[in-house]
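Before we start, here is the structure in question, set down as structure tokens.
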């Protein structure tokens, strides 16, 4: 799995990055990838993946987020998409713990003292698994009914370092998942 | 996913429970399942799944463990097996944190201050995913080259309650993974 | 598999209900489902699934039908879609036999004395199997080249009871198919 | 799907014909196939596929049966195996109806006035779907707890003609299932 | 696999033939197929499949080509699509060798003395594998940066005979691939 | 895909190397791999994969061969196994052509003036694709009914260099197949 941390510019997330081959189209990265970038979040209704959100007419917005766009081509299966997503979220919580931040994971959501730090979605395209994880840098521009928190409010100020650290950790986690899948014999 | 916590007897784990339909053959549980039991662990070489262990001629032993045998029939894919396994291990670490126990997860291993609490394997049969997670109750009867720790040494004495609590948490985690996989539209 | 029989309103079928997650989008039903409703049928060309119909420029119309929209997420495979569809049609014929109505099944079509009672299509979306079965309540508004018959003409007047009875039967049939698939060991 | 009706000799069914490539190994038939033969039935415990039967220590026996061994290589999936099996059983019931015999299908079992006419199993090998359907010629040599019936008792005496007629019907049914799966566009 | 060689008319290739069921929609050919035709090539950007070409803003053009459109429904997997494509290209090179033409295959490209004879793409739709192979009849109307060659320049003038010969060879190659896949037992 | 050319010792091929994870068990190579070695060939009947050979009671023997054992974990599908095998054989023929050796490929067999140079089999394990290609170094110890030829008889004497050259070429071919599968968008 290749990792790209975009540091030289901001990219806003409108939901279109969830489409297949986004990393290859935009950055020439072939195969499994994590692309990390920073920018606003404002997901257009027609790009919303979570039908629960569409049904509830939720807004998905934040003024400043770091975004992880993950694509896995091994097998485009929604259960694998959903399992990998939860594992990545759990990994992020483990890393936040190393920063001394106590979190509560509920499925694919990260809470800090009942305040929501992140958003996430996992689905498939006809050829790949796609996962988006967005983490608030600051809790600004977020829909009013969401009690949100951002990285700055928990004392994480070196956003670029955090972007990269998390990116590397998710990359390593996936590589471990993959490696372990290859060293086991099948059971009867 | 159905959960069975076996409380009325001890069952030793020799590796054969990793075969497909073990829960149905032995307990009549049809479909996705978690069976939790307590007993010795002594995996016969011919039942070992991790070829790395076979190559290293490792012994897999413990005098007293709680065992989780998980079977998922949705799709027998090794990457999904490996991802679910890591997620379940991460969930166990999250629960141990609620007990006030600080853990370090390395892939599918749980460490407490560099001591190994658990063993785990994930693979596929031709019809299902099979995962075994074993957690030491006490660090006894464990191969000498392993620096191990058990639940009692971290102050968890109500083993039956722990067996059930973890079992329920893994069941809920899987059900969340499954549910979320069904509520997302596919991406282009 | 969840069953919903819509009794409080009529819903016309224009073909768009064949899209994935229609039941979740419209009724909040997650996962495998059968939704039964009553309404006109007039499938727009751009929604037609059967390319044979498109090639033949067939009209698919009826003034009053009961409709079954089935979605199965287990594995989006066209052969499974087609096999399940035929099985459901066979089941409907078995139930009509209990009403004393003699039918002739030809693949996915139900005939009563050479008159066509039903229409049906089965396909996949990228994440699910989708099946539509439409049964004429009355043989009205049907293309002139089709020799059609409706439920009223074979003496079935309690349409709501019939909608529900068939719905339950298809639900049970699927559950049996699923259950049996889980209790067999694999063969060498 | 190729059809072979073995008329020149009797073949007893001990369960081993459920293994993959049995038709190719024994008759040189490549690919999807139905092989029909006549002989005793006495399934050895180690060949039993239905774990429910193994758990109940059932005997699977009959002195004279016609046997259908079906293999489908398209996709080795247990749900497809189970759906095809039920469809084939439904088809047999439809044909018996043409003989004037009223049947009751319960999943994969055929009953005539509460007497059991048939046995059946469906599963997968790592490369194929395998289905066995056995129909009593006479209700002899059957375990005492089974209330059985045979073809002769319902007035079907030309066993060879019946073997072939059913064989052809199942072949046609499968070919229809397959053909229909190829002529539909995918749905969004 | 069915083969159709269109001889009575020219068909231009604009990329839309890469969509699923194109052969069935246009020629009524059900299932796996090769359709061979002759015509211009001018692939619209929105129909381009190779994202590398899109990124490089390549033009895909030729005034006179023979085109092979192959569709395989067995399993819509990109790796299988790509492997079959390379095999078909290798087969074409083997046939050109029989014409006394020495070729150099680079993946899915055919070169004759460093001049490019062909273009090709392989991908999946949600229900099938789709492959396009285009071979220049004459090196005319081709983007200037491509050093191209055509069949006429290597002494192949009976274009219709060549279209058919290659078509039959690819059909036989696929049938051999398929047949061999059915006659092997699975390995442990 | 990792390549290992075993040069320091001879390894005889008895068919057991066709089992899954053979490269990992014996050489610690994880994931997709090609292992090349030299040794006798004498495939035991119980290890034979080609049921056609078993049915014909063929002997598979040679006193001196170079062997390629390929394992691909991406998707354990027999059609992909068979397609990759033919592609690898075609690639070997292309390389022999560079040595000035004219070959005739028939599916997975390589002929030189009607003499057989090679043997090959492709199948799946429950977790991988496995391919064996054996090339005679000398036409000795081969069953009498086979008109065989070896590398020495076509002037290839540096066997180690040849082993490596072919190995690298197959590795590159697979990597190209894989890479191309990742850079194409899906078609409608």
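Odds and ends about this structure:
Going in written order, the chains are labelled A, B, C, D, E and F, and every chain counts its residues from 1.
We take it that a contact is a pair of C-beta atoms (placed from the backbone, for glycine too) under 8 Å apart; a residue touches a chain by one contact, two chains touch by 3 or more.
Just so we're clear, the structure is a prediction, and the values are computed from it rather than from any experiment.
Under the contact definition, chain A and chain D share the contacting chains B, C, E, F. In this structure, the chain pairs D-E and D-F differ in their number of contacting C-beta pairs, and the larger number is found at D-E.
Annotation, chain C versus chain F: rotation angle of 180 degrees from the Cα superposition, expressed as a multiple of 5. Here the spacing of chain C and chain E, counted between their Cα centres, is 39 Å. With centres defined as mean CA coordinates, chain E is found 50 Å away from chain B.
For the pair chain A and chain F, the distance between mean C-alpha positions equals 42 Å.
Touching two or more other chains at once are residues 20-21, 24, 51, 73-75, 78, 124-127, 182-183, 185-186 of chain B.
Listed by chain label, the pairs that touch are A-B, A-C, A-E, A-F, B-C, B-D, B-F, C-D, C-E, D-E, D-F, E-F.
Within the complex formed with chain C, the chain B residues making contact are 20-21, 24, 30-31, 73-75, 125-127, 179, 182-183, 185-186. On the chain C side of its complex with chain E, the touching residues are 51, 54-55, 76, 78, 124-126. Considering their complex, residues 21, 24-25, 28, 73, 126-127 of chain C touch chain A.
Of all residues in chain C, only 18-20, 49-52, 74-75, 77-87, 90-91, 93-94, 97, 105, 107-108, 121-126, 130, 173, 176-178, 180-188 touch chain D in the complex they form.
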